[in-house]
Amino acid sequence: MTNAPDRFPFARLDDLPADIRTRILAVQEKSGFVPNVFLMLARRPEEFRAFFAYHDTLMDKDEGLTKAEREMVVVATSAVNQCLYCVIAHGAVLRIRAKKPLLADQIAVNYRKADLTQRQRAMLDFAVKVTTQSHTVDEADFAALQEHGFSNEAIWDIAAISAFFGMSNRIANVTGMMPNDEFFLMGRVPKS
Amino acid sequence: MTNAPDRFPFARLDDLPADIRTRILAVQEKSGFVPNVFLMLARRPEEFRAFFAYHDTLMDKDEGLTKAEREMVVVATSAVNQCLYCVIAHGAVLRIRAKKPLLADQIAVNYRKADLTQRQRAMLDFAVKVTTQSHTVDEADFAALQEHGFSNEAIWDIAAISAFFGMSNRIANVTGMMPNDEFFLMGRVPKS
Amino acid sequence: MTNAPDRFPFARLDDLPADIRTRILAVQEKSGFVPNVFLMLARRPEEFRAFFAYHDTLMDKDEGLTKAEREMVVVATSAVNQCLYCVIAHGAVLRIRAKKPLLADQIAVNYRKADLTQRQRAMLDFAVKVTTQSHTVDEADFAALQEHGFSNEAIWDIAAISAFFGMSNRIANVTGMMPNDEFFLMGRVPKS
Amino acid sequence: MTNAPDRFPFARLDDLPADIRTRILAVQEKSGFVPNVFLMLARRPEEFRAFFAYHDTLMDKDEGLTKAEREMVVVATSAVNQCLYCVIAHGAVLRIRAKKPLLADQIAVNYRKADLTQRQRAMLDFAVKVTTQSHTVDEADFAALQEHGFSNEAIWDIAAISAFFGMSNRIANVTGMMPNDEFFLMGRVPKS
Amino acid sequence: MTNAPDRFPFARLDDLPADIRTRILAVQEKSGFVPNVFLMLARRPEEFRAFFAYHDTLMDKDEGLTKAEREMVVVATSAVNQCLYCVIAHGAVLRIRAKKPLLADQIAVNYRKADLTQRQRAMLDFAVKVTTQSHTVDEADFAALQEHGFSNEAIWDIAAISAFFGMSNRIANVTGMMPNDEFFLMGRVPKS
Amino acid sequence: MTNAPDRFPFARLDDLPADIRTRILAVQEKSGFVPNVFLMLARRPEEFRAFFAYHDTLMDKDEGLTKAEREMVVVATSAVNQCLYCVIAHGAVLRIRAKKPLLADQIAVNYRKADLTQRQRAMLDFAVKVTTQSHTVDEADFAALQEHGFSNEAIWDIAAISAFFGMSNRIANVTGMMPNDEFFLMGRVPKS
């Protein structure tokens, strides 16, 4: 519960509506700390609710893309947008979900050199194109993904995750949201 | 209810959950047609609900920014992202809300030449910076907005609207969502 | 005869050489108003004469490209250069020549999503490449156009129109030339 | 009369209208050779006449900007557009007009390092901005030029020359117009 | 001694000239492993020697810039060039030299959000400008650095380190040099 | 021995270590003047030695690429980086080594229009890609070069020369190193 920027101070748990406080306490219970994004967005309860509803429906499923692959999309596109919060926080989640301690750093620096399957590489090529020039996406992009077995609905997922975190990246960058210190080391060493 | 792309066919009203069908029918009642974004997102009810909850909390208020100013942000940033659906649909809304039939086209082509107050110009300079390089937003940007009387919460609004429609632009671009024909003429001529 | 910027005041009809005054009066007779580009360039009679001579020889013919297609090139490339005057004024001409009231707005926002034939799409791909990176135009670009039946002379026309309006865009942007209000609505509704 | 690309063969002098042939012969008389731009544009007499009328009215005067300064604008902006013909041909003219054998090469590579007055540097900063992002030109740009004594009409000249050669650059790049060999050495060594 | 790409296999220690083998064994002795850059460059002994001589004279001194600050320059500029090897390997060195386990990741994602002094921030602004647009470096850049107490020789160091690692980044990117696994965790947890 | 910028004055020959003075005198003997790069880098003897050792091992050989081809790479990539010193100085060397007085200027403005073999064109396409976006170099780039007969070691050479002169370009741009006047005319006219 540190790192709150002066301009947009974090919400105080005691002041929050019950549903939001409950969600935050559950995260704290599970993770051992409250990620700053919860305390920043809780300043605006309606936005908090919409944000996490959107987040959950895109990220908490395994069809078409695994949960680890969804996090790969987040890390690759957040790196393009230079969002410190999202690269670090979702890098941690990716390390845990993929059980690969090096993968998040590789994707954050240059996903083209990361330890990926060809299918995952095609997924990230598309995610980055959606991030940087979605107005030029065309049939050739869909065809390239379909060659790797992605369905139309999986392609929607890649695009929607890229788009949703593009929003998240911009909010984090403008509000000055800093990643909690805990994220930097998560998933790098085996739990003892 | 035309213009549905082959890849992502529109939802059929009859198949939709009651809350979503109710919302769509209300829009149709009010506007005389159903904007394609409703039929496209309704394919995925959870995303529909989160999207419009987010949309409404950002766009349906008048504090800090007028509703017309919020639409200016949408048109300016959607033009940067070359999103046909959002520029045309929100251009229509902007013409109606601002009661200025030429303003949306001016902003869509080059907001720097549009008929704006200096305060609105500063607002759009910031919105476009959030859209194209949010990682470089810094104190000087906040200072420039504060000189024009924007509060921190109003600045959050500008950033959040830019970010939210950046998401919307990407989804519309990838899904091939086309603006309904009705939008092109709305707000250009006095209602008879 | 409004919208003259302070820095470069419009020419006054009475002060103009006879040939230029005659041309302007003819345009006024035909259109019902004098487009601002005439009054701006008339400040410099020699440039006026060269500009319109060049304009007419490129735009007033139907071989290889129809007149409507020539206007498509103008709108697409002027949108890239964010020229308010040219997008609005030639958007109006395009609506009239193509008899398609939605096409100009589609092309101005993202020609890749516009209602075009594949041949027209290839024409605009080339026009935009000439606009943004003519130094990389090569045999592959010519081959792509020839597949759609464009002759070398038609390709010259696309390039020359893109280049000529690239000049016009820059002059309009620097001089602060504003489109006449009349253009915004022209060609959107059937003449009564 | 060499270097004609296959696609757009040069005009033959004998086939040309008298006014064009006369002009070309006069150039040949004066220069000792016919610059390829004349033979390329002469393929289309109307464009030839408009092009050179425009060229002459912008380049053949000394008010506000010297003739050498006009050529500096041509070389700097043609380098941005990577136009081989214009950089080499007008580099030669610049060497002769400025009587500085090194200046054209300096400007072509990086005008910021060239041997210029501060006034000329401001002129080229503006010319390059017109070339690359004319849609952002604003009052600050005019103010910067006025500090160096440029009148509004001189600023128009800088913009118009940049714009005109931006057109010329694109036509030369697309048609594959090569500079005559003679240009490369002109003005480098004292005439014996 | 893994991760050698097929195209450019690593040198074998036994085949190397004595001076190079000695240096590599010393590194191995100190670090516990041989960083891949040594085995890659050792394929070409003359380049190896020149590279490390240049490296050492720029990096192994404390005047003007501390050794940790030199590594900050490396990480920030290598991130711009998306060099996986350099960001990961020098990120490790930076963590150790600065005794700040989070700093390298912060700089790699967005140095503008990193935990830096204002002086270090100015240093990295300059380093990134040298990396992306050295042709525009001018007096204003020097003045900004001098305000923070950087001498001309310290500015040369910043520029030279940025330039040297710009070279290193390109060689690593083209040869497919992968960072050793050991680097990813170095400096993140206290030595036990 | 002119053109020394105020900020970084040239080394004085008398103050230099013997090996460096000897090398400089040898260059003077051969060329008739001392290129400014020697006097600038001699300010820092260790960097001088590493720089020229690296330079010599990359440039003074004929295997895979001729010496003239190596200079083509230098001129093309230095033009991208807008390095006045390197384009002018190595343009002179290229004219001499290739015995083609026009080639350096052609490559400096737009290598795509230069008088090159297809093999040389592929070489420069790769060199420019290494210069501008080495992080995207992939198998397709290697394949394109191998079609023209380049070995892996020759490809390393192209990349290393591009990378080394990318370093040199940045140092020259920041230090304000100006090309000696002698370079501008070298190789343009037959020696008498």
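Remarks
We call the chains A, B, C, D, E and F, going by the order they appear; numbering starts again at 1 in every chain.
We take it that a contact is a pair of C-beta atoms (placed from the backbone, for glycine too) under 8 Å apart; a residue touches a chain by one contact, two chains touch by 3 or more.
Just so it is clear, the model here is predicted, and its values are computed rather than measured.
Contact with chain C and chain F alike is made by A, D. When the interfaces B-D and D-F are ranked by how many C-beta pairs touch across them, D-F comes first. By the residue-number overlap criterion, the interface of chain C with chain D counts as same, with over half of its numbers used by both chains.
Seen from the C-alpha centroid of chain C, the farthest chain centroid is that of E. Chain centres here are Cα averages; for chain A and chain C they lie 44 Å apart.
Remark: chain C and chain E have CA centroids separated by 52 Å (rounded to whole angstrom). Work out the mean CA point of chain A and of chain B, and you get 24 Å between them. Chain C has its Cα centroid 29 Å from the Cα centroid of chain B. Across the assembly, chain D contributes 82-83, 110, 113, 135, 173 as residues in contact with two or more other chains.
Inter-chain contacts occur between A-B, A-C, A-E, A-F, B-C, B-D, B-E, C-D, C-F, D-E, D-F, E-F.
Per the touch definition, chain E reaches chain B in the complex via residues 110, 112-113.
Listed in rising order, the residues of chain F touching chain D in the complex are 79, 82-84, 87-88, 101-102, 105-106, 108-110, 113-114, 173, 176, 178, 181, 184-185, 188-189. Listing the residues of chain A that touch chain B in their complex gives 7-8, 44, 46-47, 49-51, 53-54, 57-58, 81-83, 130-131, 134-135, 137, 142, 152, 155-156, 159-160, 162-164, 166-171, 173-175.
On the chain F side of its complex with chain A, the touching residues are 135-136, 138.
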